[in-house]
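Take a look at the structures below.
Shared between the two complexes below is chain A, which has chain B as its partner in the first and chain C in the second.
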Partner chain A sequence: MCVPDRALVRVQDLTPEKADQLIWLRARIHTSRAKGKQCFLVLRQQQFNVQALVAVGDCASKQMVKFAANITKESIVDVEALVRKVEQKIESCSQQDVELHIERIFVISQAEPRLPLQLDDAVRPDGEGEEEGRATVNQDTKLDNRVIDLRTTTSQAIFRLQSGVCQLFRDTLTKKGFVEIQTPKIISAASEGGANVFTVSYFKTSAYLAQSPQLYKQMCICADFDKVFCVGPGKKSSHHVLPPCAAFTLVRSLRCFQTEIQTVNKQFPSEPFKFLEPTLRLEYTEAVAMLREAGVEMGDEDDLSTPNEKLLGRLVKEKYDTDFYVLDKYPLAVRPFYTMPDPNNPKYSNSYDMFMRGEEILSGAQRIHNAQLLTERAIHHQIDLEKIKAYIDSFRYGAPPHGGGGIGLERVCMLYLGLHNVRQTSMFPRDPKRLTP
Partner chain B sequence: MVIRKAGSEVTAVSSCLTGSCCCCLSTSSSQRTSVSRNFFFFIIIIIVFICLSLFRLSSSMSMYQVKPICGGDIKIDLPTCMYKLANIHAQQGTGCNPEHALQNGEVDPAVKALEARQNEIMRKLYELKAAVEGLAKTVTTPDADLDLTVSSSLSSQSSSSTTFKGTTDLDTQLGKDHGALRDIVVNANPAHPPLTLLVLHSLLSQRYRVLSTVHVHSSVAGVPPQLLSCLGPRHADSYARQMFQLGFTLIWKDVPKVEMKFSIQNMCPIKGEANVARFLFKLLAPYPSDPALATLVDSWVDTAFFQLLDGSAKERAAVLRALNSALGRNPWLAGPDVSLADITCYCCVLQSGSVSSAPANVQRWLKSCENLGYFGPAKLLLQ
Partner chain C sequence: MCVPDRALVRVQDLTPEKADQLIWLRARIHTSRAKGKQCFLVLRQQQFNVQALVAVGDCASKQMVKFAANITKESIVDVEALVRKVEQKIESCSQQDVELHIERIFVISQAEPRLPLQLDDAVRPDGEGEEEGRATVNQDTKLDNRVIDLRTTTSQAIFRLQSGVCQLFRDTLTKKGFVEIQTPKIISAASEGGANVFTVSYFKTSAYLAQSPQLYKQMCICADFDKVFCVGPGKKSSHHVLPPCAAFTLVRSLRCFQTEIQTVNKQFPSEPFKFLEPTLRLEYTEAVAMLREAGVEMGDEDDLSTPNEKLLGRLVKEKYDTDFYVLDKYPLAVRPFYTMPDPNNPKYSNSYDMFMRGEEILSGAQRIHNAQLLTERAIHHQIDLEKIKAYIDSFRYGAPPHGGGGIGLERVCMLYLGLHNVRQTSMFPRDPKRLTP
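Moving on to the complex of A and B:
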């Protein structure tokens, strides 16, 4: 059995209880500063950092101090050090009560001397940078050097939160009896329109990358799986039950990520997220009335444009003081062909959108489960029936009434934290201009 | 104008002629045979002047005569449906008719008859009003307890608008509905539940189709279950928001004062339970038209909230004494009918826990309030 020759301690575990112990630690050099016979280092592991000291004495020679001072930033080092309590709190570090007195230091992986961006600059809030004349890093540089940018405390907090969101989603749905499924990502026909599909070569023909797994989730429901969801690169999931309860539990549970939220708020200040329990549900006619009262001219069956959605978000925030609400009963004319019409009013449909801070995070509806009605609606929307034959066929052999929607994970994180660009919550974003890293 | 113009042209021509004649005269004065010619010219000039003067005079004498275009007597068929007015011009020349002259102080007998009829109608109206008021008194005095319970149960069964006199229309109070639900949002602190508003909500639900929902805001950690169900069970049709006339959304939130929001564009939020109560009451019935009575109601509402609920023990005792003396004279606090004053004072007395320490008149009034049957939700919450 292989026993490691050194037991590495985590920086976050360095507390006064460990005082006077000799420990091994592996971390990155955040900063190093030489002063005469001493060298001060700040060692960093994710969002925790601790001050370390190399001083000329029994363990360290002058050359060692010089060596420590010259180690490049971001290099990974192993140190063997004594943990010492300090009387005065070290304000600039996360571990404020202790300090390391280094006896041995080894460079495990050296970083190049010139870094494309400095981490301190990447974390600085934009306003502070302008005021004090210090540098901040613009988003393109950050995205080009994502590996370094993701090391900042803010990025760490954002993506840990995102992971938490995904996990909470899975837990909540599984508790309600949902089954997680994996759907194919390469399909034979573009499901909704042909505008933005990606074509891939497939053996001797070509195929398409799936825009959304909706088709297959519906097929699973017709296959008697009752409640299904899937988390995937389109980042959408589908449920049988009305989503507001699941989404709301999610929002409430995000409260346990307080430290992460506060870390992000330091660089990107925003207002805390407010919501009502049970979730506020408004109807489309009320939204139109509120917008008209505010001076917007729109017809009863017009779709909401993005500026109107944002205005509506502000109006709802003012009247009900909530950042999260559901807008139900959209007009049939602006929804896809598979949306079930409202039984009480043919102008409207059983479809809904959910909004956070005035921006849409989910679009969902009850789907038509009757093959004949589906065919009629498809003809009405002038869709080629040949292309969706497989889809219609899945409802011909008994299909239960069902509905669902897809939530954007990155959008939820972005809107919950009050950020302004979805690339900040996307680890390696892809857009028309960006294909790497 | 045309004639004058022609006249001036003629004068110009004649002056030219005269000028040329004079020139001729002067040039031909040397020749002896030109005497006859001179004479001839002289005659012509005189003729021209005579014609000119005649022309000038004729312009003021008479106008150019035009023959009439159409015949003078055309038959006109006067329509019979029009109101015939006597010809006002024809009388001008006739002078005063001595028969219609009115002496000072004398009144036309037709006017007299009209006045007499009017007085008769007014007298009948007053008699009717007195009779109705008398009936009302017999029904609503607290001494007639039996009659009260019967009438209150009848009114709750019929669920009509007879509980409060006067009719109000939601459109006039709240503005046009733009085809969507009109939602009233009330933010209240769960530590101080607004009983008056709950009572008014139940009255509104009897009168209109009200969609009531209760929400808890994220600023509040948790709320006891009776506060969640204080607006009654959820309506079966609550998914069809458009079918309701009014929406009542109660949000339990960490706010210092009760707040009400209705129309973001046209109204600022209303703060304070007393003010929200006044707004909601106006949807049920208008304030009494007598300004003194309306002021009395307002003053009791304010006293209830500021001195009875929020005041010190001394202030509360003073208010109870005032209530006692007011209720000694009238069955209700403001006039012969139940009003907002009674609703608010009852709720505040209940909430401040002064029921047991209230004097005799107040106790009797509290019992008659309970007999009305509106205060169920408030009592439920306090249990």
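Moving on to the complex of A and C:
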């Protein structure tokens, strides 16, 4: 490794306690402004930045000031500098109480002079500064240049929150005795069918991409792992699944990420996320009644369309003042074949969805643990039994009653933050038209 | 959920403190032996088991004893039973100091009478009991019936250790400020080439399965995430990659899993894993010299064949008494195009592998962070630049010097435990001939 033989200080640690110390720092040139015999730089590390100054004098020649002024934005530099307390707070930087007086500067990695997008434009709220002719950056340009777009304070906050959420979920489950498992990504048969089945060439044959780890999670339950979870790509290629019992803890704990939430809100303002404790639980029949009262025509066993889910979200918010609730006891007819029927009413099932701001984040259920009932339900759903043989066979040698579900990490982050496009919470999103970067 | 309205006790909590209490328990029938007016059962939960007794008397009729005796092995039952201290330890069970006197028994899930394999056979060490005509179970039968095979104490120990290792790695990295990222599983171009490229049908076009998250990890470094990791399927479909700096912590911490290690050793005896602190670091030139001294003919810049890696492992063990070491400074010619050349000697590179018991578990390096040098090296390796455009472009707008690597979770577990087949540490392994279960 090309590690310099000097201790590098972090920008976030540049506080008045470091005043009058000579330090080394590795950071990006965020902005640069030459002014006579001086050059003002803003040096950035992730969401932190500090003002720095190269001025003609004892430590810097005219040439050095010129050299510094010519370093392209986004380049990475090493600087040796004196930390100086400032009298007036520097409002535009995260480190407001100090500035750096640069004595030496080295370019570690030079950025090309024309950036495909400007970071300041990429974090500008829609509409702001339009009159002054300031630009914003459209979503496709951002995604085409994702590596630069991810450097903005908004992106840094989103993905640090996402990493934190993931960790929080895992810790919650591990403490409850869950075992983390790794499920196969390539399977022999597209057991759940559906439209978006991805075929994979596999040595001399062909196979399918696993759309969901669910069947394997259940097989692990049959294999005595008792409580299992996995984190990985979910139903859609941009989903990640986390188990449901962690969802309640999650919603409570998301409040810890205030800094990240506020950073994202600066660019994308949203209403604060509200929820009740204990969590509101509605039954499907109640939801249907609420929708009918609002003028929706639907049968008792009809599924909820996305617009109706959103309408229901608004009705629930009005009535109960919560952005988070569980909708329980879905009609059996609208759920997958492995869903346990309600023993008290065969038209319904022991299944539920969880909603955030009117959109589904989690789908869960008690699963059928009896091979014969499972076979009957699969036949009823016209599923090719041969394709799910290994799955059904798992229940033949003693299977404990169990339930579970999958939660979309990216959707949770999107909805909690009040964003409107899951690509914003997917680091390198994929859709039918996008396969790069 | 079909949750009984009674508190269920765990088998592992059945200790003499519970003596004379009436408890409810949900467990599997591990073995069953009827003997006159009594039926002895062993009830199992994961790696724990307890002896239980149904006897004709106040609480049980002759019919009930017969009913209990007829419950098939591996069925799941709920029992209400009195905990009784025993005078003589029950050596064959994990709970040696108590037994259960069953008053009521319900079958929750009945196993089919013919099991595809016997758990006792599946955990028998190779060769043991051969004279008495006792069977062992071959690997394919085990894998074909993985859900049952995973119930054995050996499998339970392996995968609980694996889950623990995963958690340990994540905790180590999170504490060091690493951000967990989710990288795309489907990519537009098989950037690293190689023989085992999996093509995926993708809507109206075709794409490839990502073989390694490495390029995306590097792109995240260029996107200012500073330190990143991801856990997911690696180079081969059965690999999982974890970053290298956690490797040293790992090796130290693996010792915590003594119970699991001992359980696995009962079936698969192995030498205790030895390592030095600090970890032994050898340079490639020293390794070549050791191999030549042992009679191997090889050039300075030749790669190590697998047999030579294993031989080197034995030579290192003899000389340094360690099963774990780092081999540093590989010849540039045998490493991938993105590897940073050694600035002091262009024939070598800033790259390394880590070995456990003579087999590679981790491959890492300083990566090139300069777009021009990266382009030159890609051309030298005859890689189609168009296919890695997004990757190379990531380095054009300022890229920090960085390094990293990927570690195979399943290989680490296999080698640390002294096992010889990675299928044993892969829950649902895939290979050219196996796509199920």
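We take it that the second predicted complex is superposed on the first by the 417 of 437 C-alpha atoms of A that agree within 3 Å, B and C clash if a C-alpha of one lies under 4 Å from a C-alpha of the other, contacts with A are read in each partner's own complex, and residues count from 1 in each chain.
In this section, contacts are C-beta pairs under 8 Å (C-beta built on N, C-alpha and C of every residue); 3 or more make two chains touch, one makes a residue touch a chain.
Predicted, not measured: the structure shown is a model, and the values here were computed from it.
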Which of the two partners, first being chain B and second being chain C, lies in contact with A:Ile23: first, second, both, or neither? neither
Mind telling me which of the two, chain B or chain C, contacts the most residues of chain A? C
Output check: A:Val422 vs chain B and chain C. Expected answer is one of first, second, both, neither. What do you get? neither
A:Val296 in the overlay: touching chain B, chain C, both, or neither? Say first, second, both or neither. neither
Which partner chains sit in contact with A:Cys59 here, chain B, chain C, both or neither? Use first/second/both/neither. neither
For A:Leu280 in the superposed arrangement: first (chain B), second (chain C), both or neither? first
Just which bits of chain A does chain B share with chain C as contact spots? none
Chain A touches which residues of chain B in the complex? 177-181, 183, 185, 187, 215-219, 240-242, 249, 251, 253, 261, 263-266
Can you list the chain A residues touching chain B in their complex? 273-278, 280, 282-283, 285-286, 288-290, 292-295, 300, 315, 318-322, 344
In their complex, what parts of chain C are in touch with chain A? 1-3, 26, 28-29, 45-46, 74-76, 108-112, 115-116, 146-148, 150-151, 155-156, 159-160, 162-163, 166-167, 170, 174, 179-188, 198-205, 207, 209, 216, 219-220, 222-226, 231-233, 237, 240, 340, 343, 350, 366, 369-370, 390-391, 393-401, 403, 409-410, 426-428, 430, 432, 435-437
